[in-house]
Amino acid sequence: MTDISVAGDLLLKTTTLQLDNVVAELRDVRTTALLNRQGNLNPPQLPSRKVLAGIIDGLRTALYPNRLGPSDLAVEGVDHYVGHTLNSSLRALLVQIQHELYFNSGTEELNHETYAQAAEITQAFARRLPAIRRILDEDVLAAYQGDPAARGIDEVLVCYPGVAAVTWHRLAHELYQLGTPLIARMISEIAHSQTGIEIHPGAQIGKSFFIDHGTGVVIGETTVIGNNVRLYQAVTLGAKSFQVDEHGSLVKGIARHPIVEDDVVIYAGATILGRITIGRGSTIGGNVWLTRSVPPGSRITQAQTHND
Amino acid sequence: MTDISVAGDLLLKTTTLQLDNVVAELRDVRTTALLNRQGNLNPPQLPSRKVLAGIIDGLRTALYPNRLGPSDLAVEGVDHYVGHTLNSSLRALLVQIQHELYFNSGTEELNHETYAQAAEITQAFARRLPAIRRILDEDVLAAYQGDPAARGIDEVLVCYPGVAAVTWHRLAHELYQLGTPLIARMISEIAHSQTGIEIHPGAQIGKSFFIDHGTGVVIGETTVIGNNVRLYQAVTLGAKSFQVDEHGSLVKGIARHPIVEDDVVIYAGATILGRITIGRGSTIGGNVWLTRSVPPGSRITQAQTHND
Amino acid sequence: MTDISVAGDLLLKTTTLQLDNVVAELRDVRTTALLNRQGNLNPPQLPSRKVLAGIIDGLRTALYPNRLGPSDLAVEGVDHYVGHTLNSSLRALLVQIQHELYFNSGTEELNHETYAQAAEITQAFARRLPAIRRILDEDVLAAYQGDPAARGIDEVLVCYPGVAAVTWHRLAHELYQLGTPLIARMISEIAHSQTGIEIHPGAQIGKSFFIDHGTGVVIGETTVIGNNVRLYQAVTLGAKSFQVDEHGSLVKGIARHPIVEDDVVIYAGATILGRITIGRGSTIGGNVWLTRSVPPGSRITQAQTHND
Amino acid sequence: MTDISVAGDLLLKTTTLQLDNVVAELRDVRTTALLNRQGNLNPPQLPSRKVLAGIIDGLRTALYPNRLGPSDLAVEGVDHYVGHTLNSSLRALLVQIQHELYFNSGTEELNHETYAQAAEITQAFARRLPAIRRILDEDVLAAYQGDPAARGIDEVLVCYPGVAAVTWHRLAHELYQLGTPLIARMISEIAHSQTGIEIHPGAQIGKSFFIDHGTGVVIGETTVIGNNVRLYQAVTLGAKSFQVDEHGSLVKGIARHPIVEDDVVIYAGATILGRITIGRGSTIGGNVWLTRSVPPGSRITQAQTHND
Amino acid sequence: MTDISVAGDLLLKTTTLQLDNVVAELRDVRTTALLNRQGNLNPPQLPSRKVLAGIIDGLRTALYPNRLGPSDLAVEGVDHYVGHTLNSSLRALLVQIQHELYFNSGTEELNHETYAQAAEITQAFARRLPAIRRILDEDVLAAYQGDPAARGIDEVLVCYPGVAAVTWHRLAHELYQLGTPLIARMISEIAHSQTGIEIHPGAQIGKSFFIDHGTGVVIGETTVIGNNVRLYQAVTLGAKSFQVDEHGSLVKGIARHPIVEDDVVIYAGATILGRITIGRGSTIGGNVWLTRSVPPGSRITQAQTHND
Amino acid sequence: MTDISVAGDLLLKTTTLQLDNVVAELRDVRTTALLNRQGNLNPPQLPSRKVLAGIIDGLRTALYPNRLGPSDLAVEGVDHYVGHTLNSSLRALLVQIQHELYFNSGTEELNHETYAQAAEITQAFARRLPAIRRILDEDVLAAYQGDPAARGIDEVLVCYPGVAAVTWHRLAHELYQLGTPLIARMISEIAHSQTGIEIHPGAQIGKSFFIDHGTGVVIGETTVIGNNVRLYQAVTLGAKSFQVDEHGSLVKGIARHPIVEDDVVIYAGATILGRITIGRGSTIGGNVWLTRSVPPGSRITQAQTHND
């Protein structure tokens, strides 16, 4: 037997995989796709999901430096930490916003207005951060008050995926409203991957919002949610059917998701579809399938199960 | 056109985002929140989720060094690897336990008893590790025997999210019982994020437990599960309603989740709520909504679907 | 008060956790398990999940270098980037394939045929990559056309978890067919962890496949899916019951999951179990529980919910 | 031939190196040494060279943020960057200072005074930083003015090893004077490793000091250097002989290195030994060996070389 | 005793270092220096030493992929590796060159010509790489032939600091000639730090050049070295004295270093100063101090040492 | 002005550097060199300098775990740390040794004997580690006793470059003697780069050896050094001239460096060349140039310098 790793390495290094053909074929597929889609071989750059993940982490620690920041952060140094983190995160965001504006413009001719627009969006976003922190504090309090298993405010802040998803959403929604929907969507999908909760950045959500457990929640683009609403895992606030135009293409941008008024509770697995309204103070039971509006104060439950 | 990256960098460096105001406003929100919540500006440090993630990874590789440890681990070196990994992981855990004990005590005056308590918890936890490994071996075997797609024990151990979630749970539950519920919860949420399976660390789970597929499973704090139980994806073992006290606040800590006896199978999407008992050997069908106890040997299924 | 970190460090360093016993007990459990399972203390190495994650990331960027590759990739350098990435990813894959072949063989005696087989599998896999890219382009187009919230092809490619899961699946399925089911399963579970979508690598999936939202989707090993099929979140294509042989052991490898024909849409939460056929062009409503075949053109919906 | 890497890996994993004996023997040597040197097996921790290297890098970038800090540092964010960097670097330094004070005390009983002393040293050091920056600016100017190859102030600051070594020295010397000679020495040796220039942190050095090229320069502990002094590579300012006490041990701490007055230039390779004085304005030629004082304005050169 | 690390951490976090004053004072020093030196507070960015170090590492591996590249580089993949490495290294270099051109221009108004100039320099540099590899092969051969301790060509290439320093020099010299002297100097100082050998990038060096041992070698900016020259450690080829203009400032850019003709050997510690010529085939002995030209074929040695 | 970074990035991505020609030319140079030197295009792999640096760091921390190991190393865990570190470091070394043996063999046909030889060398090296630790303890003591600036044993161990260089040398020398001179040389050059001290791994060095300051020291391959020898910076123990054979090639492997007997001190900058003997107890003065043997007890000094 002559089985030794050096010889194995050698064998591996000299085995040919005939990749030149694969590279050439991949080039053919790629260039064909590029030419079909964009008419040239030089595609504009997209915002980077990885960079955005770092930016959002930075913003979260700037919002909650004592709880989510570095463990050795000294009391005396908090403001410098927040200032430094905002500076680097927001300037990185400005560059990503430029990428999106440029990508959307479909032109290679950039001008000063585009840069100025990206800077204005970033500044407007920065100015909103204190208000976002305030509303997040209310969300955290709502989570604490709504879950008997919660032992304290801080546990809720650092543990609950529902709170993390709402934090990302409130940042993403701001960017969505400021005119960068692609960046907003990327942030929303980063949150989706980590929490199992998908909230489209277009969704409008009121104060003191709480999602418990959360895995499988889907909240659609044109959803409107009032104050003091509570959702459980696997709730869908979705569209019922899609409008098509005369060519059979989907009509995009129409309000097609539910309106959930103040003080509604929706239990696990409920599916609520279409531009219907769940009246103020209603309770929707688990696994309910609902495609029509219900008046304020409704209590909707599922058909019974039974023994074989 | 004068579009060059150096000039762009320069523009970016000199664009002002007026962050000083944002930093000041964030300080106002933060200090107000701190004073309201804790009465001082010097909050105690929480255990770190990131550090705990590393500790748990270390413990898993110490439990299964050949399967989850480094690929170049030599047979001769396994014990040293296990010993070294336990040493560093458990000492890091001791520090995190101190943080939790101190955080819970609400005092800045620490004394030797607190340190001694943290050390005792760590030692007690360490002593439990061999028993945890034994029970995990039974879980893995149950997974292998319960899934026709499983090709081997090792595939189950390294691939199945249900097995990963149960491993984390058995470690977290031990810490929960030893008096560190916050650390336990953080570990549970790390597992939730990676597997989509949420098991509250307070849940009591018997031997040979298997969750197949797993995404969306929720198992509540006071759940009690017997031996040889099998769950599928999106099963909820939850609370039906929450008790409130005379001030309208939730009463925390009451037994409010199901008891699942030995040899029960619960299929995908079933929702079982409240302090009810699922009798030994029962089978609960997919998507079933169940809020009452069922006797041993029951077979519960959902109402039929039908054509339009 | 004499509370200083240096002294604390000292205390920590000198506290004994009595780990020698723990190490010894863990060795006992481990060696017993090894002897029971394999008959010797020298277990073969499994493929590494972490290494596979890196390989798959490499392959995805080689397939879509402009969209998923490094942000500074120059037009002139794309082919070199693709070639270099394929070279290192595929050679790393070859080593992992060797591990699986060796692990499966249950022997310590390796021979040249095994290496040659691993190299052939890798070469065959490499040759399939351009075709995989072509079919993925169709999947991306189907997603764009099927979701009114999608603003563009590129947003779909970089944001949608359904697209990511299908990409991983098409790579994993190829490896499954080429004889490395364990590696294929590991890749599938990496995708499951990141997207909440579980597709067994054995599943056969036609062209223009789209999973929207996706969290909680489970697609079983022997599932067969036609062209132009669309699934929503939490859909299960599962097995109804498992066959046992005369010894009470599960019979593995039997076709036990649904056949979904062309142009079928299955809405959120539907559970479809057993080797049944969903006829071409059918629509299965949300939360439906279905265990029998339905003819082409069927529209299946759930029983109604109702008010209390 | 059956030479494949998997089998090689296997061989490597199962080859025994009989390390248990080596571990045991190393333990014997180690514990014997510990008992001889310290009388117990629980040695106090030393300051960490690696941690100090990071601290010093932090301090250098805080002193010159535009030149040595991150390339994306915005004008608006410089103060926050400096504040954050000082906060984390100096707090890390405080911990290292505690280690040294504790190590020096030779006791396991720490008290508040030691902590307070470490904090005072750190604060005193912090207060000196602006003055250090001012004096470094003069050193940089001297380097620019003294080297015909220097194209600009910034080139000197970022390229010249002599400037780097003097920067480290001025920081190390401050710490030496404040009572932490071990930390100071470690910093000095980090600089030595990177620049080839060794300046003992005890050396007193005046304004506008410049070392050109620098490799091989040695400046001893009790050296005193005036203003406007320039040295070239491989200059030694050393001790001539060492005093021994009645037991034959070296007497430590005696002034034994040269005094170099203002406006002296010492060319490459000159060796100047003992507590002698080089008078103001003197020039010492290359490779000169000098062990006696010279008056102001001297010009010392080496004996001639000659042809064979 | 209440000495525990958590309390120590707390103490550390709450100790004030009064850094706000330090930050403010540092700002004063910094802004004064900036205004004095540049007239504005917005300094242009320098090329980055750290980025250049990565670029040069990339270029070295592209020149010698089998010897200095990654250990798993397959024969089939070498060209793709080289192409990819050149692409990313040279584009990063182009950006650094822009920084230098912009920095030198002293203007904030950039235009297309500057970018075009940076691109041209990069292209010209790229075209020179094959010739640089050829000349380096001759240097390596000269080292092998000149050192009895050398066991093989490859040992020389990967071990010898003299070879590393010459490699860096040949790259730096090219950039120096193409008009980026600051980048060239930074590269030269990176080599100096790692090898102890300082070669100013302006120095002109012929073929088959070898520096043995190398520590302390200094080769000045206007040095001219012929073919087949060999130097030993601590050799200085320096300037004798510096010309000053009527204002007392150094005149920069004058030829002031030696000319070393073909086939010269200079032994360790020799110091050769001024624009003198060492005639072809001469040998300069160790520690010699030489400030006058010597004719071809000279053998120069040091004065004798003697016993006390 | 339209100078924005996105446009700059775009420009950079689309600028062509015409690298295909460069890649092709580099291939030509490379393949010509390979064919000339080795006769085939498939060069064997060299040991890796980077991997060796990691191995040596591991071994140093295994020798001195309390001083050079991780700062959180607990007393209880030292043996496990040492065992684990030795296991991984020495197995990595075994692989590197295989590379060297294979490289030296000049054959692609490996057999079991080569593996066995690599394993034996590794085992022999491992067995020597306790003795190396013992002799290093004596070196450290010698350094402490020989330098008036040394405050303690531990300062010497962690600060002094001379001690670091001797540690590396004693490990490298062992490997040199065991038959892996290339690995030994690489280790020696890693030490050279970090300390400025070059000790050829072939040099034989007795007990209680101390190099003070160290930069520029060169100790040649066939040097023999007795016990209690002390060197200062820039000392050369070199060869005087090289023997050539009848073809004009250097004769390699002949004893050509000095023998330094016990209790010798050699001061800074002394150059001692050729196979001469420095008799026991001699003192060689600074900058001395010595090419003949001196009897025991000699005191050699340099010629005097003088004033102009």
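Note that the chains are named A, B, C, D, E and F in the order they appear, and that numbering of residues resets to 1 at the start of each chain.
Here is the rule we use: a residue touches a chain if its C-beta (ideal position, glycine included) is under 8 Å from a C-beta of that chain, and two chains touch if they have at least 3 such contacts.
The structure presented is a predicted model; accordingly, all values stated were derived computationally and were not measured.
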Between chain A and chain E, which partner chains are common? B, C, D, F
Count of contact steps on the shortest path from chain A to chain D: 1
When chain B touches chain F, do the two copies use mostly the same residue numbers, with over half shared, or different ones? same
B-E against A-C, pair bridged by the larger set of C-beta contacts: A-C
How many angstrom between the C-alpha centroids of chain E and chain D? 23
I need the residues of chain C touching at least two other chains; which ones are they? 1-7, 9-15, 17, 19, 23, 42, 45, 71-72, 74-77, 79-80, 83, 87, 91, 95, 110, 115, 196, 215-216, 234, 269, 285, 287, 302-303
If each chain is a node and each touching pair an edge, is that a line, ring, star, complete or other? complete
Spell out the part of chain B that touches chain E in their complex, as residue ranges. 1-2, 4-7, 9-10, 13-14, 42, 44-45, 95, 98-99, 102, 108, 110-112, 114-115
Complex contact set, residues of chain F against chain E: 1, 3, 11-12, 15, 17-23, 25-30, 33-34, 37, 41-43, 45-46, 48-49, 51, 103, 181-182, 185-186, 189, 192-193, 196, 198, 200, 202, 215-216, 218, 220-221, 234, 236, 238-239, 242-243, 249-254, 256, 269, 271, 273, 285, 287-290, 294, 298-303
In the complex with chain C, residue positions of chain F that touch it: 9, 12-17, 19, 23, 71-77, 80
Applying the document's contact rule, which stretches of chain C touch chain A when the two form their complex? 62-63, 65-67, 71, 75, 78-79, 82-83, 86-87, 90-91, 94-95, 109-110, 115, 119, 122-123, 126-127, 129-130, 133-134, 137, 145-155, 158-161, 194-196, 213, 215-216, 233-234, 268-269, 285-287, 302-308
Chain C partner, complex, touching residues on chain E are 1-12, 70, 72, 74, 76-77, 79-81, 83-84, 87-88, 91-92
